[in-house]
Each structure stands twice: as structure tokens, then as C-alpha cells.
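Heads up, there are several structures right after this.
Below, chain A partners chain B and then partners chain C, in two separate complexes.
Showing the complex of A and B:
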């Protein structure tokens, strides 16, 4: 039978760029975000690679990638992502930037997923990122699951193993660097992925060409949405603190370097 | 002796397409735009039906080495005539960081810190200095007029990264062409049955993935696929792997040679609040930090400027360290009064092929055509290459449309009749002929060079100084093991090895250049620059793309120009005196290819620069 795996994946400015906060008419955002190249959110990208891997192991499975963002940016991101694994894109043409309300985002995603032709709820696995490299409310995926009526939800997932009877075992990250092992009797289920265990797939132009046959028509037909702020107010915004202190050391041992790093981190 | 990674003998997957392009830049952008616009006007035209997928439109693929279409490394000012011809309603405001040119100035920069100057130049500087406060301000003399050949009136200031992204988005939305970044092409597929006399290309081969640094198969080995095409369009720039391999196999036309190069290195700087520099301002400079180094400042919208220098191969000094020179350049009083307090947003570098007509390769063969900078289109008299590259792409696009409509195959004969004829009749060719000998004089010195350039520029190329252009390795002045310079080099190398300081930085300091007063915002170490505004990335699983062919020769080399000139400090001095390469720092500028003083045959370099993955992720360049 296989699974119907829907991966919710946002696009974010390439984290390698210099990201600076800026306040626009819709609240806080990132300076010149439209200028910066976008990438698939790295956490969600892990979910996509895991989805493709799972689909490959379970014949008859299919992967959809649902992404909300400006059409032009989605197209740009697909040039790279489409070379990695096979999927069908379900784009939602929406606004870029800022920190949109998770409720509004989840509503748009759930409505779109519910309308995917041929998607069978009895075979559904909803994948996404547990976190976001650039912005993440930390609740969007759960809200999508709730709107779709899926009660079995797992977050911080690093591995899934499907058993012959259709049940599956999930490793979730918990405090103390440990994993919690859960067994779920079957789908539908929501899995918010941590980093997983798969390496980023190599670029394969044949995979890209096959994907592109459906991606470009889908982008042309992408439904446009606006995200209601629902009276959202931003109390404060902060960026992760960055420090750079480059130094070349050729005579220090690895232990000495490690000790200095630990002391430096401790001082923070 | 070592050699570049050789493709492993395995059965490779093969894919058939109609047209395969190597490299996505302005030239390929012009080519694909021409095809896409024609197809979108009449998509049902049978001329556009694919031969490899009957019933479908032409299968047109473009493969780009860099990880993103925006990962370009050039801020340019261009007249943009060819670009505007493709987009008649173009408004620069549509393209991020683009601005219409408003004013242009040319400055001769006097030396504010006692850098190297000939006696004649010192005298000239002294005479100019007499006019302090009247015609010399901020240690700079503004030429009362900008020579017509330098003018970019009606043109645009662009970030090539943003321009590529803008063009790529339009093309992908157009629906005919597919562009795939992050896909390095190792070389063309030659027809094994044909000798070198018959120039035939059957398609492109991708770089192997899942290999170690020496190209040996490792975990996840994936042999590079073969893409076979009726037409292979080569637009991978001056140091692209496909273009290099074509030149290697077929040679260059009689009398042609690629001997003149420059490294363009620039910063994108956010100006301090209240800056008076107006978007659209263009400055050309010469005279500092070395007489041979030309510089520029282009003002983008939103308080961004591109500031950079060109370090040419004919500057014989083997310690030509571009990053350090650029730091001194931006501190010249003329620039610093605007830049001080600014923030470095990104930085990048690129090799420029400056031979022009002298270095033009065979433009066509059976199944292939060459466009853009790698085809010798850059005009070094006007200092312009983007619009020229775009236009050669358009010319090939029009030629391909003609052949498709006539149902003629892409043979050398047909491509020559359709593409080369267009190219010879166009403005790019006229400009190239005018510029052909404009720079010859620089090989006899800076003053000769300026006179020669002025002569050629003011007479439309009818007059120029003659000059013999030596191969790039011979343009590097020998240090000599026993002279003062040799002693200085050894001392600098000792210091660099002892305290872990980069060799090229130590060399510049040893030559008397003042230390850089780092401020952590704009004046930052070279290594920090690699981490700002885009950062350098290298996907695992690819082989080293810089290969030193003869380690003993490298150890014996006194000049070590490859180390001094490496834009990303990716080439460093190893403990045994041989250069070492770190792929994770390489920005793929290709400078190592022509900054090698140890030629095995008097012409070629001892360094191979092959197809590789990664590089700068900066989008603002």
C-alpha cells in the first residue's frame, strides 16, 4: 500500500547570509529579505529527505511537498531541492518574511493539504521540521495536525522504523541527550523532524527533470493566500548572538584548544 | 607529478537533451532569453519540437557550477544596450541593487602612504601636488572629462548576483529552459572517432560525486552523468572546465593566445547613515595602490556601494596580494571619507580574461558553440564585459532559431554561417577590434600603457602601441634567490611560518606597506571576510579542484605567487615549502591558474583548475 507522506516545508533566507532585523509595516522582519537567496528550511529539508527515504523503502508511497511562500522564491528554491529527491510540489503563493501568525499559517496549510487530490487520510504521514533555522513559532506543524484531526504527534524525531503490521517505532529527542522510544499503531501521524540521520542527497539532474514536469505547472496554478495577523502584537525580537574571534594556533594541542573553547563558552 | 582527478572508468548514466548549456551567467542568460522569448510567442511552431522527446518542446538544460544562480561575484557598470534590447521596457528598479548611471568621474589617485612609484610618476605626483586645494582634493586629481570610450551614459549599475537571479527567475517561469545550479560539469564529451582536426562535441559530463579529495570513489559514489545534446553551448567563463578542455584539445586559432588576465576583487559596503554618495554614481580610478591597479566605486540604491580593484597579470610583482591591496585602496582619502564607518556586507573575486581578440578561441564546431567571456568577448578598452557577453548569447540564440526554423543540424558549417557571421557583423566585434591592441603598452610599463590606451581609445583602435605579450607565467617577475627581494621573501616566509600569519600578508608588510587597522566592521582579516556576507561553502563528496602538477617544482619556486594571489587564502604554504589547497576556502576565482611562475612548457601553468562544487554564497556581489 505504501504511505502518503506530506512534508510541510517553509523557505527561509540562506542562513549563510548576513541576516539583520528590520521592522516593516507588518512588524519585525529581516532586512532586504527579497534580495537574499532562499533555501528550504534546513530542519524541514531533513524531513523531506527522510520522507523520500521512507517512501523508497515502502513501495506504493508518494511524497508531496507543501510550501508557503512567494511564488518566485519557491521557484528559485526548487531549482536546487528538486535535484535531491522525488516529490510533487504543492505550492501556496503567500507573503515573504516576518514572523507570520502560526494559526493563520497552519490554517492555510491544513486547507491546502485537505484539498490534495488523491491523498488518503488512512495512509497519511505529515512531516515537517521540529524547528526552523531562521524563524519558527514551534507550533505550526502541531496546529496543522490538529486541524486535520491527527492525534498521534511526535516532535524532535530522529528515526522511524516501520514494522510489518503497519505500526512504527519513533525515536524522539528528550532532555539529557537521550531519545524516547514510542510505538504507534499506525497512521495517520504527525512527525516533526530533528536532523534525522541521513546525509543530504547528491544532486541528480534526472531526478530534477522528472520533478520539474510537475513543479512548474503547479507553481503557475499556485493558490494565493494572505495571512491574517489575528491582532498579533510583537513584544520584542532578538537575534541569536554571534561572535567571531578568529585566531590561528599551530602549536597548541587539541586538548589545550578544547579547554580554551570550553572556558570561552563557559564565560558566555 | 600528480594530475587532476580523472573520470573513473565506469558505466555512466546517459541523458538525451536537445540543447545543453555549461554555466549560467550573462551570456547564457542572453542565449536562453532569446530562445524562451521566441518560443513563448509561438509555442506550437514545429521548429520548437524536441528531437529527443517527440511531442514535447525542445529540451533545453543549463547546468551551473555554483550552488545558487545568485552566487555571482561581480558588481558592474554596463551600458546595457544588449540587455535593454532583450528587455525593451526594462526598469532598473525591477532588479534589486540596480541603479541607472547618473554621473561618472575618473580620478588619478596620488599616493598617500609612500607606495611604490617610478621616478617619473613621483615627479608627476609632485607637480599635481603643487595644485593642492585647487585641482587636487583628497589626494586625488579628477580628470576634467571622462573619455568617451569609458562612458556608460544611459547604462546601469548592477549586482551580477541579483541580475542572474532576476534573469533566471524569468527564464524558469518562461517554461522552456531548465537551469540547475550546484551541478559542476567536468568537461565536454568528445567524439572519440573524430580526430582533433574535426572539432566535435557530443554533450557534457558531470563531475563525479562521492569521491575523496583525489577523486577516488568513496562512500556514496555517484559517477557524473553524461548529457548528450545536439548542441552544447559553452558559457562557463574564462576559467570554466569545459572551455579549458576545448582549448586543450583543439588549440586556439593561429596567432591567438590567452596571456592577459586580471583578478577583480571587490567589497559590497553599506555606507554610514547620512552618506552623500548618490545612487548611480560611478568612479573609475587609477594610480593607487599600485600604478598598474585600476579601481572602481559604484553606488547602488539603499546606501550600498561596490568598491573594487583589478590586479592585472602584467603587474610583474609576484607578491600581488589582492585582498591586502583592496584594503589599502578603500583607505585612500578620496574613498575613505565616504566609507569610514561603513560595514562590509560581502566580498568576492573573479578572474577576468583580458586577452580579448588575442585570446578568442574557435567559436564553433560540430555540435558546440562558445559565448561570453570565455569566447573572448570582454572589451578591455571600455572595461566592459557583461553587455558584450549577453549580446554574444543573443547572437547565438538568434542563430539557433534560424537553424531550427530551417531544420538544419548544428554542424560547424551551419553554426559558423549563422552564429559567427552574426558575431562578426555586430557591435561586440567592432569594439573588440578597436580594443585589440589597446593594452599592449602596459607590457612596457605603466606610462606606455596609459599612452597606448589613450591612443587606441581616442582613434577607435586605428592607432595603438605595438607590444609583445609574454605568456602569463613569464609576466611574473623573478625574485632571484640572492637579491634583496629574495631575502625579504624568505624573511617574510619565516615570519609567516613561525606565527601562523598568512604568507601574502607578511609579504606585503615586508615590502613596507603599513599594517591594516582592523575595526571588525569594514577592515577585517581575510579569514573573517570569508565568513561575512555569504560565506564560502564546499559540499562534501567532491574532489579537489585545484591540483599542483609538480610538487618538486612548487617547492623550488621562489615566487609562490599562487599563495600570494589566492583570493580566499585557500592556498597556503605547507611545512615543506609546497603549496597546499583547502577546498573549503576556495571562492573559485581561478587566479591560481594564471598566477604560477613555474610553467612546464613556457606557456601553461603548473596548476590545474578543474570543475568543482561550492564557493561563495554571496548574493549581493
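Showing the complex of A and C:
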């Protein structure tokens, strides 16, 4: 039968960009965020690649990518993401960035997922990143799962192994550099992915062309949402002031450096 | 008037409370004292007797959900336990530690309680109101937030409060019954990376980060991965340091390049890795690019050894940068540590 895999993935500023907070009429945001280069959220991207891999191993599976962001920004990011793996885009035209309330974001995502035509909940695997590179709260996917009534959830996932009987083993990151090993009897389930084990797929123009045939019409029909603040107020938003006065040593010998490092390590 | 519930859970052994839970108790005590609010502690454990002793004197009311099912850190049972504790306590503010166990369930619990949640909280302040400090964009922007809606759930990051130490007296535990539906998930245990020793040590004083330079060509035109591995492992074990890595180094394994076999994505520090808390950090053969350095936000003193005099560390991200060959430096450091150990 295969799985119906829905991947929730936001878009984030390219990690190498300098970020500066700015307050606008709708609250805090990132200065010039709309013109900063954007990428698919890194952990959510891992989820997408793992979803495609899982779908490839289980015939009859299908992957949907649900993404909330400004339509123009989504289109820009999808031009590159579409070349990686096959999926059907379900875009939601909404605000960008990490400052909107996670509860409201989850409500919009859950409503949209619940309305995907042909999606069978008995075959549903809800994927996403365990935390985003914007809000980084690790709650949105969990809330979406809760709203969809999915009672088996896993976060910080690095691996899934599906067995012949439909059960699956999941490795979740826990404290101290270990994985918790769980076995679930079957779907539906929520998996918030960490890094996973797959390298980023190479660009495939054929996959890109096939994806773009459905992506552009989907973007044109994207539903617009506004997100409730849920009483969330920002008292302050600021950049950390942690610029250090760096001492750069270019002429010390290895022996001198080693002695200084050992003394530093031992000092309280 | 606010009322506060601190949710706690037992550690892996099952009886004692986790360190993060005891830190959350401290945060709850401080907040309750400031707001003159009533404090309740909730415990999730197989048997809460020993755990309750650990919080003696912390709060007038201690609630517990107990049973074999709660030995496992599992979404369905943990969410049911926390939901029952919240309903019994009827608190307006719920604090808990940002442990993997509670991070997995607490947003769902907040939703069931018709509340809201904020996570990775590093400080709780405010004069007349409650204000929570947390980071956005992977520790690149700091914000202080407040909310009108209640109950407000706050998950507090580990290491931001001292662990509560029990006071005189006994805690009288009210047991809360929870009827669990059938479980579809079973926790089988834990799995560690295939190494001789656990080298991710959250409580270590020093973080040692290995960058991609360790596997690049050295001045003799050759790659010395084996030597790099030996130097790193010797140092980490001798110094009792926690081993971290840059993304570029752990990614090399997936790209068919020479790799250090003991490094996995679990060691990765930075934007798509961890943000550990250590008093000191030493980066080696690492460029100090922003996506990696955001993971150093909570590392106190920082030093780096790099051949690149213009690497990111020199631009205000480290206290000291040694422009030198890390192979040579770490060899000498290991010799000094071995000598020091031998003389003891």
C-alpha cells in the first residue's frame, strides 16, 4: 500500500547571511528578510530527503511538501528544492520568519494537511524538522500531530527502519550523545527529523521539470493565511553583544602554544 | 494571581529525578517567591517515593503519576501523565526542563490544556509580569517574550539554573491516577555510537571541536587521517573533554572522503547540530564560520588553533587564536598531559 508522507518544511535565510532584527507594524522581523537569499529549513530538508528515500523503498507511497511562507519566496526556494526529489507542493501563503506564534502556525498547517485531497490518515507519516532554524522551538510539528490526533510521536529522529509487518524502529536523539530505540506497531506517526543519514541528493533536472509542472499551479492557488498572535508579546528583540577582543598569536612555537593551552585548561 | 506547577521526571534509572528536573524546581521556586505564587511539583516516575524526597521542602503540594508504563520516555504515556498533573494542579504557569523526554510531549500537553508554550527558555524575569528570554535563529537573536494567555508552559534549558538540593522535612505525595489507552510504541533501550568510549560529555568543563582541516592535505602533501584520529582521541580522553565537530567534517563520510570513524552527526555543533554548554571550548582545524559558531553561544572561554590567520575565529568569535599546525600543537599538548598524569 505504501505510505502517505507529509513533510512540513519552512524556509529560512541562508545561514551565511548576516541577520539584523527590525520591528515593523506586525511586530519583530529580520531587516530586509524578503530580499535575503533563502533555503529550505535544514532539518526539514533532511526530513524531505528521508521521506523520498522511504517512499522509494515502499511502492505506492507519495510525498507532499507543505510549506508556509510568502508565495514569492516559496517559488524562489522551490526552484532549487524541486530538483532534489519528487514531491507534490502544498503551499500556504503566509508570513516569513521565526517570530510568528508557533501555535498559530501549527493550526494553519494542520488545517491545510487535513484538507489535502486523497490523503489517507491510516497511511500517514507526518515528517518535518524537529526544530527550525528560525524559531527553533521544536513545537510546531508536535502541535500539528496533536491537532491531527496522532498519538505516536518521535522527535530528534536520525533513522527509521520499516519492517515487513508494517511496524517500524525509530532512533531518537536523547541526552549524552545516545539514541533512544523505539518500535511502533505502525502508522500514523509523527517523526521530527534531526540530521538523518542521507547526503543531500544531487540536482536532477528531470525530477525538477516534473515537480515544476505541479508546483507553479499550486503556488498560484496557494491559500493566504494570517496568524493569530495568541497574546504573544515581544518585550525586546536584540543581537547579542558578545564580540570578543581576539588575541591572534602568529609567532608562538607549538611548544609554547601547548604549554599555554594546558595551563588554560587547568585554570579555574 | 499566578500559580506555578513544575513538572519533573525520573532519570534513566527510574527513581531519582533528572538533573534538569531539579534545575526546573529551582526556577519554579524563584519565580514563585517573586510572584508570591503557590508552587506545586508534579512527578512522573515508576515510583515517585525517592523522587519526592529529593524535592522535600520545595513546595507545599507534590503530585505524582506513577507506574510501570512511566519508566519509558514515550509520547503517549508521558503526554497523558503530564496532562493529568496539569489538570490536578490547575496552574497558570507550568515549568519543566527542556529534556528530550519533556520536549517530545510538552507542546501537545499545552494544547490539551488550552494553553500556549515557549521553549528553550534561558531566563525568567519581569517586574510585575512574567517575561521569558529565549533565542531565535539558532542563537543569533535574543528576545524577551511575555504572554497574556494561560496556562503558559515554559521549557527551561539545561544549565541555566542550579539544581535544587532537598531541604528539611518530608514531601507528602498525592498520587494521581491515569488510565492509559493501549500503547503502540515500545521503548527498547538506548544505542550509543560504535566507539570505545562515550565522548559526548555534556558535563565536561571543556569542549574540543575537530574541524574539517584534520582530514585535509598536510604540508607534506599527504592526508593523515589515522594520525589525526589518534591525536584527537588521546586528547579527549586525557582531558576528559567533550568531542564536538563541524558539519563539514561529519558530512565527509557521506561524500566518500576520508573520515574520522568515531565522529557522527551527534557530535555536530552549530546551526544543524547541538548548542552545548561548557565553561571552555577549543576549536582545531575549523574555519569558525557563522553556522558553526552559533553552536558556541553558551561556551564561555574560547580558543582556536588554525593555520588560517583570517579564519572566522579571529573576527571576535574567540578569545585567543593560535595560527599554527594543530597536528604539532596537539601532539605537544598530549605529551604534556601524559607527563602531568604520570607525575600524579
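Rule of thumb we're sticking to: the second predicted complex is superposed on the first by the 233 of 268 C-alpha atoms of A that agree within 3 Å, B and C clash if a C-alpha of one lies under 4 Å from a C-alpha of the other, contacts with A are read in each partner's own complex, and residues count from 1 in each chain.
Here is the rule we use: contacts are C-beta pairs under 8 Å (C-beta built on N, C-alpha and C of every residue); 3 or more make two chains touch, one makes a residue touch a chain.
Given the structure is predicted, the values throughout are model-derived calculations rather than measurements.
By the touch criterion defined above, A:208 lies against chain B but remains apart from chain C after alignment on the C-alpha atoms of chain A. Once the two complexes are laid over each other on the shared chain, residue contacts for A:88 go to neither chain B nor chain C. In the superposition on chain A, A:175 contacts chain C only, with no contact to chain B.
Once the two complexes are overlaid on the shared chain, A:216 sits against chain B while remaining clear of chain C.
Once the two complexes are overlaid on the shared chain, A:72 sits against chain B while remaining clear of chain C. In the superposed model, A:111 makes contact with neither chain B nor chain C. By the touch criterion defined above, A:35 lies against chain B but remains apart from chain C after alignment on the C-alpha atoms of chain A.
Put chain B and chain C next to each other and count what each touches on chain A; the higher total goes to C. Touch criterion met: A:199 reaches chain B and chain C at once.
In the three-chain superposition model, chain A touches both chain B and chain C at residues 16, 199, 244, 246, 248-250.
Contact residues of chain A toward chain C in the complex are 12-13, 15-16, 19, 21, 28, 30, 42-43, 98-99, 101-103, 133-139, 142-143, 145-147, 151-156, 158, 169, 171-186, 194-195, 197-199, 230-240, 242-250, 252, 254-255, 257-259, 261-262, 264-265.
Interface of chain A with chain B (complex): residues 14, 16-18, 32, 34-37, 72, 75-76, 79-80, 83, 199-200, 202-206, 208-209, 212, 216, 219, 244, 246, 248-250. Residue ranges of chain C in contact with chain A, taken from their complex: 73-76, 79, 99-101, 103-108, 111-112, 116-120, 126, 131, 134-149, 181, 184-193, 198-202, 206, 239, 251, 254-255, 265-268, 271-273, 280, 282, 289-291, 297, 301-303, 305, 309, 313-325, 328-333, 335-337, 340. Residues 13, 15, 61, 63, 67-71, 96-97, 162, 165, 168-169, 172-173, 175, 178-183, 206, 209-210, 220, 222, 225, 227, 302, 345-346, 499-501, 525, 527-528, 531-535, 537, 539, 541, 617-620 of chain B touch chain A in their complex.
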